[in-house]
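Some structures to go through are shown next.
Two complexes come next, and they have one chain in common, chain A, joined by chain B in the first and chain C in the second.
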Partner chain A sequence: MPSTEAPTAPPAAPPARPTPRRRRRGPGAAPYVLIVPALAVLLAGLGYPLFWQAVTSLQEFGLAQQFGQPPTFVGLDNYARIFSDERLWAVVVRSILFCLVNAFATVGIGVLLALLMKAVHPAIRIVLQIGLLLAWAMPMVAAVTVWKWLFDWRTGVINWVLVQMGFDRYEGHTWLAQPLSFFFVATVIIVWMSVPFVALSVYAALTQVSDEVLEAARIDGAGPTRIFWHITLPLVRPVLSIVLLLQIIWDLRVFAQIRLLQDAGAPVSETNLLGNFIFELGIGRQDFAGAAAVSIFVLALTVLISWPYVRNLLKEDA
Partner chain B sequence: MSATVAAPATPAPPSAGARGTDARAPLTGARVARRVRGVLLGLLAVVIALLWAFPVYWMVLSSLLPNARLRSTTPTFFPTGATLGNYRSVLSGDSFTSALGMSLAITGLTVVAVLVFAFFAALAISRFRFRGRLTFVVAVLFVQMLPAEGLFIAQYRMLSSANLLNSVVGVSILYTAAVVPFTIWMLRGFVAGVPIELEEAAMVDGLSRTKAFLRITFPLLAPGLVASGVYAFLQAWNEFTVALVALPAESARTLPLWLRSFLASSASRGVDWGEVMAASTLIAVPVIVFFLLVQGRMTSGLVSGAVKG
Partner chain C sequence: MKIVRIAAAGAAVALALTACSSGDDGGSSGSDGTAEAADITLWLAGADTPDELRDYLKTTFEEENPGSTLTIEEQDWNDLVTKLTTALPDENNTPDVVEIGNTQSPTFTTIGAFRDLTPLYDELGGDDLLPSFVEVGQADGKNYALPYYFGSRYMFYRPDVWSAAGVEKPTTLAEFGDAVTALNNGTQSGFAIGGQDWRNGISWVFANGGELATEDGGEWTSTLSDPNTITGLEQWQAVYEGASNVPATERDVAYWDFLNDGTDGAAPAAATIMAPGWARWSIGDLTTNDDGEEVRDGMADTSKFGIFALPGTDGGLAPVFAGGSNIAISAKSQHPELSENLLRIIFSEEYQTMLGENGLGPANAQYVDSLGDDEFATTMIETAAASKLTPAAPGWAAVEAAFVYEELFQAIAEGGDVTALAAEYDERITPMLNGS
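Coming up: the complex of A and B.
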């Protein structure tokens, strides 16, 4: 659209590209002054650590460096060392599996609860929403603590209920001692904490589906299942995909819940996820170069997965 | 299959066809079925609501029961014989007060810094078009996705070389950096929602630009600022991961770290769940209250990219 060729374009070409709304004095320095504080804190809190991490991941950072020797540049050695370690791959596979199971379970249950909210009487819907909001509002550390109490091997109410139901082998069952049941407990906690956000977001989207459309489909003879798959689902799909994406991003970074559950004496090396692995490498073993390399890998993975979400948000930024 | 009735000529799909024709008497069977289904769904919803809220209830309930009752093999489900003894013993130690002080200082500093910084930045990106604006917006959106778990070792090293480990300022910088991106985005929506014409009208009436902004736009942004402030409060108050690396000293613990160590020290003498639940309740209650106040705004902020309008 070079403006010199304007005459050839027959339709009343508006003279200029849509001009920015505020133009009268030109922006001048004002916007830059306004973003300086935010920019400064972002650079200090995230930018510099990111830079340090990228540099460190390319350096030898052993004991000698701890005592003040200048680090030496070793190229991709740290990455080679870390990625040839099969423990890392075990953690990566475990993290991805855990993330996918949690994300899909959360979104699946969330959608079902959203549909349930749509189907029931408004008074009952409010009861359900309050139940969900209470869970959502719980601070994470308090929530994990309560769940540890619920799953307590000796006097926990979950073992008690299972025994009452006739499963006698749950008498004194220690949930957190074996990796598989450890991750089951972690999944229960994370799904419990995350479903409310999904359910309420999807419910909000469902209320946007117009009744006329549904009525029309019904008159045309579509059954509830067909209406769901062919009308409701496509209409809430944008929300669903965003929510699923966020859930995947969030579940990939699960660290604290695992860390807190490990306190109860779980086998640490078999229950570590990526964040825990980095923590152990960096804080535990002071292998900062290795920890930096794994961190860069995690960040790259996150940016990759986040891209569709960010692009979607940008669309909103007219 | 929907009813024993003589089916209409068209093979109506089960149950859905009933709606248009429910004036006809023979269909009452289908209507009863629908009513029953409604009641069952309602029951299911109530049961799920109770199950979902149960851990919260259990926390408060256990916090009110003496340890002897919690130790018994049969759980107590209702608060008979409730006492505040657990709260008294939690509050009698000075570790809670020191953690509370730490949490309040960090949270307060973070909330103020986030509000000021994010508000300025939101003004910049929604009221001005400037060179580098898009880069800034994209950077903000990406940065908010970065997991603390991918950065905390570097942040730990940075704070330790700047002598800011265990300090309020150090953690507050990290928290502000973590929360500011989302709040910029949230406030941007609020600022953009106040039409610039309002301000311009006030300027035509003789106010200076600054005055027009302060008198007209700013009051309209109050709800947005409140929501952002509460969001920052919740994030800083609940944060565990960064605190774990940035506040290693016992004396510098925030409430979440304190709760963890409270459980650990209780575990060494066979956990006193009553006290631990009292401690959890003390941390959770202010959060739940604040959360319920802003919940709507936060949901819509997160998915607004997807929900049109």
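Coming up: the complex of A and C.
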């Protein structure tokens, strides 16, 4: 309550009152009403599948149950079975590494592109932005198919260019045959697909950095590198952390790109990530309970990995 | 700013939750017309059944069943098992009649997903129906899935390349291996085959009298370590290493491209390939069809393009893996009588003949003549008669879905020790076959 004004003009208080009171009461009810539709959608869209997932992970649920046999409750048997499977841990380690490499590469390249957009002539910037938007808008299956053709061992452009440049050992080179070069190709594709989002978001943030601050820094004798690390970066940090968090979550659940690349001929079990592992377990082997258990585990893993970020975001508000 | 942050955190949580739930929601069941009481749905897999046959099924079904209609929906081969898994148990969304890959049948016949067709068996053709396909569609002595059509695979080769190298057409499997190894010059494969391509590779196992798995009292055992199977796998390993320049990780390659002349008349990439019969229409010299499109002429020039059946170990024919599919009625179908009427049309002489005329092997042996009597038809019939199927184990679809055989064959193609690999994979595959 604005108690400071009370002693100076007690009789004039009534007309001024409604405003502060409305300000106080407003936050009381309106946000909760406004958040109801979002919560309802979350509960209906995510709550039910999550509930089903949790229940299924505690049952014996295979193809026979899908076709009407009543499932039996087995407690944590599915978890015990899944966690004692060494293949799961190989997939987990692979997925986390892949996710981190991709997320940081995407954000790094995205920031560089955003800085480039800030620095170049507006006409060139428009060209860059259109290019990024086209890459962003490309349907995923079409994009992966084109990348598959580029890296084809027999007719691919990449091998042809490398051979033309004098690297004869790339004649007929199979990029997808070794897990390491398979993941290199997958990383190229995924980074290519997600950089536009990061670049455009960070560019938007950069435009909000006020010129006065930058000018002041320049006058004080700071070089471009120092300005970037000590002025620009701290100012766009909130955007960067959100974008990085989203990338980590997205890259941890990458599935279709890997699946499509595997279809082009690859050592499948050595290139499975978590999403592919769950798909193979649930859809391929009809072990729905096991797949549900791994899914719950991935949920926990995602929360664990992203928790520091979420906590930071919340702390900045306090 | 505070609200924005909270919203962002909320969005992040929502995304984290979706990260979890995206795992098992693959393939929601296709919505089909359930409104009309007398509209039935037929799921066909892939584009294998030509439009002419689909139209025939529709018009004939609607003529014979006044007031009823037939809806044909095409499903992708890759998603078929997934979609059947979600759609068949749901009586409101289940297709009435479904085509299913022959080796996928046991997954569904063993859990009661299909209607018992035993009472119809004799009426639909009985013992004239292709035995190996009938067998794969049986469970507990009852017929749940019947053959729809069969395909077969044989060798396509370049007679000009073979004769220029002075290599004769082989009469035994060993001669075939020697011939294609001699034809391999490093850039042109004697026999182009990818390392993971087990559907072609298992012909060598079958030819040597080997089995992939055997059943005893309902228990399946993977038998890769059987001496005959090992002999076959080692023979295949030698053929791959000696004759093929295709990488060990490749499978389901468009081999027919390898047999055609390269750009500007360059030499073909392979002297021999193994492919299903319909590959013929992707092979030959370039020509222009009635619509002005550039197409292959279907191997018109017999001095350049020819076929032969893969020979067996001591002459005769090697048993190759038979392609093709079965057909079944969903146990949850709301219109079983109409569905059975549709099967009666499919197994009628007219429809069986139409299948044959379109190059699909008719399920009923009486109408196999409709395939014609040229080299392609006779080779197809001969190889189909000698063909074999993969084990009819309930977990076979799981073995395929996990790409286990692809990995095994890749490891063999990379020069691995066959005996050790066979033991390792037997241990992996046996529990999968029994569905655990």
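Operating definition for what follows: the second predicted complex is superposed on the first by the 246 of 318 C-alpha atoms of A that agree within 3 Å, B and C clash if a C-alpha of one lies under 4 Å from a C-alpha of the other, contacts with A are read in each partner's own complex, and residues count from 1 in each chain.
Assume contacts are C-beta pairs under 8 Å (C-beta built on N, C-alpha and C of every residue); 3 or more make two chains touch, one makes a residue touch a chain.
The structure displayed is predicted, hence computed values, not measured ones.
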Partner chain in contact with A:223 - chain B first, chain C second, else both or neither: first
Which of chain B and chain C A:267 touches, first, second, both or neither: second
First (chain B), second (chain C), both or neither touched by A:37: first
First (chain B), second (chain C), both or neither touched by A:165: neither
More chain A residues in contact - chain B or chain C: B
Which of chain B and chain C A:176 touches, first, second, both or neither: second
Contacts of A:314 with chain B and chain C, given as first, second, both or neither: both
First, second, both or neither for A:67, with chain B first and chain C second: second
First, second, both or neither for A:285, with chain B first and chain C second: second
Touching partner for A:117 - first (chain B), second (chain C), both, neither: first
Residues of chain A contacting chain B in one complex and chain C in the other: 31, 38, 42, 46, 49-50, 53, 238, 242, 246, 249, 252-253, 255, 275, 278-279, 282-283, 288, 291-292, 295-296, 298-299, 302-303, 306, 309-310, 313-314, 316-317
Touching residues (chain side chain C, partner chain A) in the complex: 1-3, 5-6, 8-10, 12-27, 81-82, 85-86, 88-89, 107, 111-113, 194, 196, 245, 247-251, 253, 269, 395, 397-398, 401-403, 406-407, 410, 432, 435
Residues of chain A touching chain C in the complex: 31, 38, 42, 46, 49-50, 53, 62-64, 66-68, 153-154, 172, 174, 176-177, 238, 242, 245-246, 249-250, 252-253, 255, 262, 265-269, 275, 278-280, 282-286, 288, 291-292, 294-296, 298-299, 302-303, 306, 309-310, 313-314, 316-317
Chain B residues touching chain A - in the complex, by the definition given at the top: 10, 12-17, 19-20, 38, 41-42, 44-46, 48-53, 55-56, 58-59, 62, 70-75, 113, 116-118, 120-121, 123-125, 127-130, 133, 136-143, 145-158, 173-174, 176-178, 180-181, 184-185, 188, 196, 237-238, 240-241, 244-245, 256, 259-260, 263-264, 267, 271, 273, 276-277, 280-281, 283-284, 287-288, 291-292, 295, 299-300, 302-308
Chain A to chain B touching residues, read off their complex: 20-22, 27, 30-32, 34-35, 37-39, 41-42, 44-46, 48-50, 52-53, 56, 113, 116-117, 119-121, 124-125, 127-128, 130-143, 145-150, 152, 155, 157, 160, 192, 195-197, 200-201, 204-205, 208, 218-219, 221-224, 226-227, 238-239, 241-243, 246, 249, 252-253, 255-256, 259-260, 263-264, 274-275, 278-279, 281-283, 288, 291-292, 295-296, 298-299, 302-303, 306, 309-310, 312-317
